[in-house]
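First subunit A sits with subunit B, and in the next complex the same chain sits with subunit C.
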Partner chain A sequence: MSLRRVFVANRGEIAVRIVRACHALGIETVVAVSDADRDSLAARLAGRSVCIGPARSSTSYLNVDAVVTAAVGTGCDALHPGYGFLAENAALADACTEMGVVFVGPRAETIREMGNKIRARELAARAGVPIVPGASDVADFERAASVAKEIGLPILLKAASGGGGRGMQVVRELADLRGAFETASAEARAAFGDGTLYVERLILNARHIEVQIIADQHGKVLHLGERDCTLQRRHQKIVEEGPAALVAEPLLKKIRDAAVALAVGVRYENAGTVEFIVDQDRNEFFFLEVNTRIQVEHPVTEALTGVDLVQEQLRVAAGEPLKLDQKQVRLTGHAIECRINAEAAHKGFRPSPGRITAWREPEHDFVRVDTHCYPGYVVPPFYDSMLAKLIVVGADRAEAVSRTRQVLEEFSVEGIETTLPFLRTLLARPEYVSGAVNTRWVEKVMSESDFSNAGISERPQVHG
Partner chain B sequence: MSDLTYQDVLNILRLIDSGQFEKFEIEYEGTRIKVSRRAGSAATAASRPSSAAPTTGGAHGEAAKAPAAPAHGDGKSAPAAAPKRASSTSAAGGIEIKAPMAGTFYAAPSPGAAPFVETGRSVRKGDQLGIVEVMKLFTAITAPCDGVVRSILVANEEFVQNEQTLMTIEAAK
Partner chain C sequence: MAQDLTQADMSEILSAFERSDFACLDLAIGSVRLAVTRPSVAEEGALDIPPDAAVVTAPLLGFFQSSDGGGESALVGPGSEIQADSTIGFIRVMQKRFPVKAGKSGTVVRVLVEDRQLVEYGQALLEIRPAGGDEA
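Right, the complex of A and B next:
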């Protein structure tokens, strides 16, 4: 079968991206909009738009019934969920299947399995993929000591039942283990009624490496190389690049093979990303999680491989076999993506919604900008703060870095505050240029620069 | 099914909105739309009654005194700001609790949960009173002093402006 009309169940730049991919394949589009997005760029580009609810995403973009009903009611034969919102919600995939609408993504079962972190870890281990050394059954000090000796220090102690960072303890010296164990165990018992601890190796000097996977419904699984997303702030990626030029090739090959082995093991379909943590001190890698959707940073891979990932998603969702072979997948040059958000970095990354009075993006043949913004657009306060993705390519990393620094200067947005000044500061640092960074580096830079959290201290929390 | 498109419906709604009439009827290829409105029904949102916060489930006692992780929003995780205190003393002597930024006010830690506070409830300094969320940044609103909640001026999930008074607290003597 081939798809005739696709329902885009998302907003912002990814809705624009999906609409354009559909049109390139001759597929009609219907875009879901909330009350706040009626005049969005995606709504104007799409064949049609349908209002699925009020501005609050809980009553619109997160409403499975509204989304599926609108898709069926507008005669769509497929639904693309984008990223965020319902993209990794197995109930949406189930509802689509029930209504005879093709869900552009993995099977609901895969979404469910990978969404459960413990189950995902089990399946990774079963596929021979290394997982962070640790144990989940540490109920007394003797066991804690033997686990610590086995996996080596430093280690992290946390409550085996429950999460949210309650009772978390870092142990760097064996002498501190008893005190840390007793504190963590007591806190775990107080918070969750169970003093059993989860102990795992703490990787301090880490890089975040992820492998792009695409698989068809006929058992063919390909990797499209990897991305390095080490620049993060509170687990939010800021800059992504590829290939992982700063990780040794023999290790990279193992990482790519591990991603494919896991995807084959769970009979993965469509696009996905297998995330890993690389211990730069020990030259080892471990499985983190699988993202069962197209990712924000997919253009990095597109720039390197020449593959249009969203178009491939639509083709394999329609049942077409992948035409590409693994041998044909080549990573050419180097690509860097910067996320430009409506946030005032110097005010603790305070969100800055409002009207964009001027929007000037750099134009070069080595630059791609994915965005839903334009001069006069009002950034609504209801959704996430990403305005645009700036993707820059070069023949090698050095050229890509210097070009990115150049075009960040050329990019200008007025009327609202953006993270452009922050990105300029970050990419001007010698550690970024040389690659001597880890996943904690961005916060270190912030503590040393003007971008310290002026007056606002934040702590991570888990929502919805 | 008629060929009435979504854009047509939007245009019809705009037509209705722009007119002064009380009744509107349109028939198009078998689809009939009837709209009637009573005078004064427009602009109700602006004049919401005070203390409109949900008060059901009020008998559940100590509702989330510690700053709990709110379960609102659409992200898997999002940063949350630590308690911000913005308050001033009103003419009537109560302390006005103000929104630190424009955003959505949440009266409870998660949908369906009991609200953080209700009118008449005693609070201690630092107790959480609500949450203001903008673009997935969740900011806890906390009590600047011990006292009693005298009034709650905004509804759950209402969009509030920067510096808008959310509630008033009568400080303990």
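Right, the complex of A and C next:
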């Protein structure tokens, strides 16, 4: 390993995770902290911590100049950005290169290309990866009608220029198309001065499937299997699992191959995730986006493959070739990850920072907990509310599900509100156990009255 | 073909390193690689500043610059009288340079950091005796 000292430009559990991976490889660590994180677990574990700015992340963890200067000033030869904050900021990758610091991630060019959704879609299509059927040049009703006929209903209409949900219209019946087109086009013209619409197929019964990629600097690209992240609330993942036991193998093979083809096509380096949407009604899959970073849910893949992804990231960044071959990659058993957040689910997931008075993790050989929390830790109000990731493995999905439900009962946090009660209720649902879910399922069950009454609010703590 | 380092060789190299002014050493001979770093040279937190001392702290992280440029002498030193709006040095971050204002008036007792040293956000740069204090 040619890296000697790594700068950790992140906080929370991922900072702890990176520090531990570095130490396992004999690499020294310096961790960036904001004024609010001076006493964090990552700061205590690292060889050194450096205060890069005030509590507010825009003046600390999101400050490219401060992060790079701190890395250079502490003699680090590499920088790991973790996830979130600056992890997918091409300017950070550029600044690192300029200052002679190895950026642990893809090349700046790749981050830039994949960060631009239109460019990423183009590159995916060029690599032969299916993209959601649609058209971006729908300027009149006749064109809208022909596109609708071509791609099939239901469809989504939105402004071609400008983002967000402005003027978005869903069309389920051809008879509704004219009204929807006129409304959406008028709103697009009012908002962006251009009435041209983007029309794409709306996939209602969808699963979110993503493929873990790792690539070295010598052209070798491997996939490490897939994860199913269908349980989401407002596009935030809640529970992730792998492998995708509920998607048929022939389709899965195509999805994995598509992810590798895209990575090869863009000469991808380091770890990344190619995200797909799977249409469960038509048994088709389409490209969503590429995340050019280590992801929150990477432990699912680590549990299945036995590969330490953060250590691999460091090796690859140091220029080492991947030792693993594709045929050696095996997904063994089933793994489920639950994100435990400091949020009050019964109060609209309101953040719940404060002092943790008691913290009891389940301890089993089939459980892994990634966290920066401990009894007495004060969760600061400035950042993401994730407290811990609970990863549970089983021989198959049924065992993993039943074990996850068991250890969620054993996990106990006091002093602040957490999403533990919400997760216990959600994972007890028969649809979750059988797998009959889609990306809209969490929000659907939450709107049912019996769900909110069924214990996602306060209840007696389980003592281990 | 180079021979691998023995335990004795390594001890000798390490003692030489300890006596030197070098901050790090990275040596590869044969299959053995020896990489040593002095515990963070820039980490000068060990300076004992009385807890009630008046200090001027770094408003941002960067490299401290004690003078206005190459060859110039330091803007302040022990005994310097400073006003709230006095520039006591600069902090360099990438290509940018930010002046550091004293923020309070008094007399400099000690300069706590060295020229071109990395300073953290909030790190004490100067210990001062406030103007109009008991000792005045």
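Observations on the model:
Quick note on the criterion: the second predicted complex is superposed on the first by the 447 of 464 C-alpha atoms of A that agree within 3 Å, B and C clash if a C-alpha of one lies under 4 Å from a C-alpha of the other, contacts with A are read in each partner's own complex, and residues count from 1 in each chain.
Note that in this section contacts are C-beta pairs under 8 Å (C-beta built on N, C-alpha and C of every residue); 3 or more make two chains touch, one makes a residue touch a chain.
For clarity, every value in this text was computed on a predicted model and none was experimentally measured.
In the superposition on chain A, contact of A:Arg4 is made with subunit C only, not with subunit B. Once chain A of one complex is fitted onto chain A of the other, the partner contacts of A:Ile131 are absent, as it touches neither subunit B nor subunit C. Of the two partner chains placed by the overlay, subunit B and subunit C both lie in contact with A:Arg48. Applying the stated contact rule after C-alpha superposition, one finds that A:Leu153 touches neither subunit B nor subunit C. If you count the residues of subunit A touched by subunit B and by subunit C, you find the higher number for B. By the touch criterion defined above, A:Asp65 reaches subunit C but does not reach subunit B. Within subunit A, the residues touched by subunit B in the first complex and by subunit C in the second are 48, 50-51. If you check the complex, the residues on subunit B that touch subunit A are 5-6, 10, 69-82, 84, 101-104, 111, 134-138, 157, 159.
On the side of subunit C, the complex with subunit A involves touching residues 23-24, 26, 35, 37, 40-43, 60-63, 93-94, 96, 118, 120-123. Of all residues in subunit A, those touching subunit B in their complex are 38, 48-51, 56-58, 61-62, 84-85, 164, 234-236, 342-343, 348-351, 353, 381-385, 456-464.
Per the touch definition, subunit A reaches subunit C in the complex via residues 4-5, 28, 30, 35, 47-48, 50-54, 60, 65-66, 68-70, 73-75, 95.
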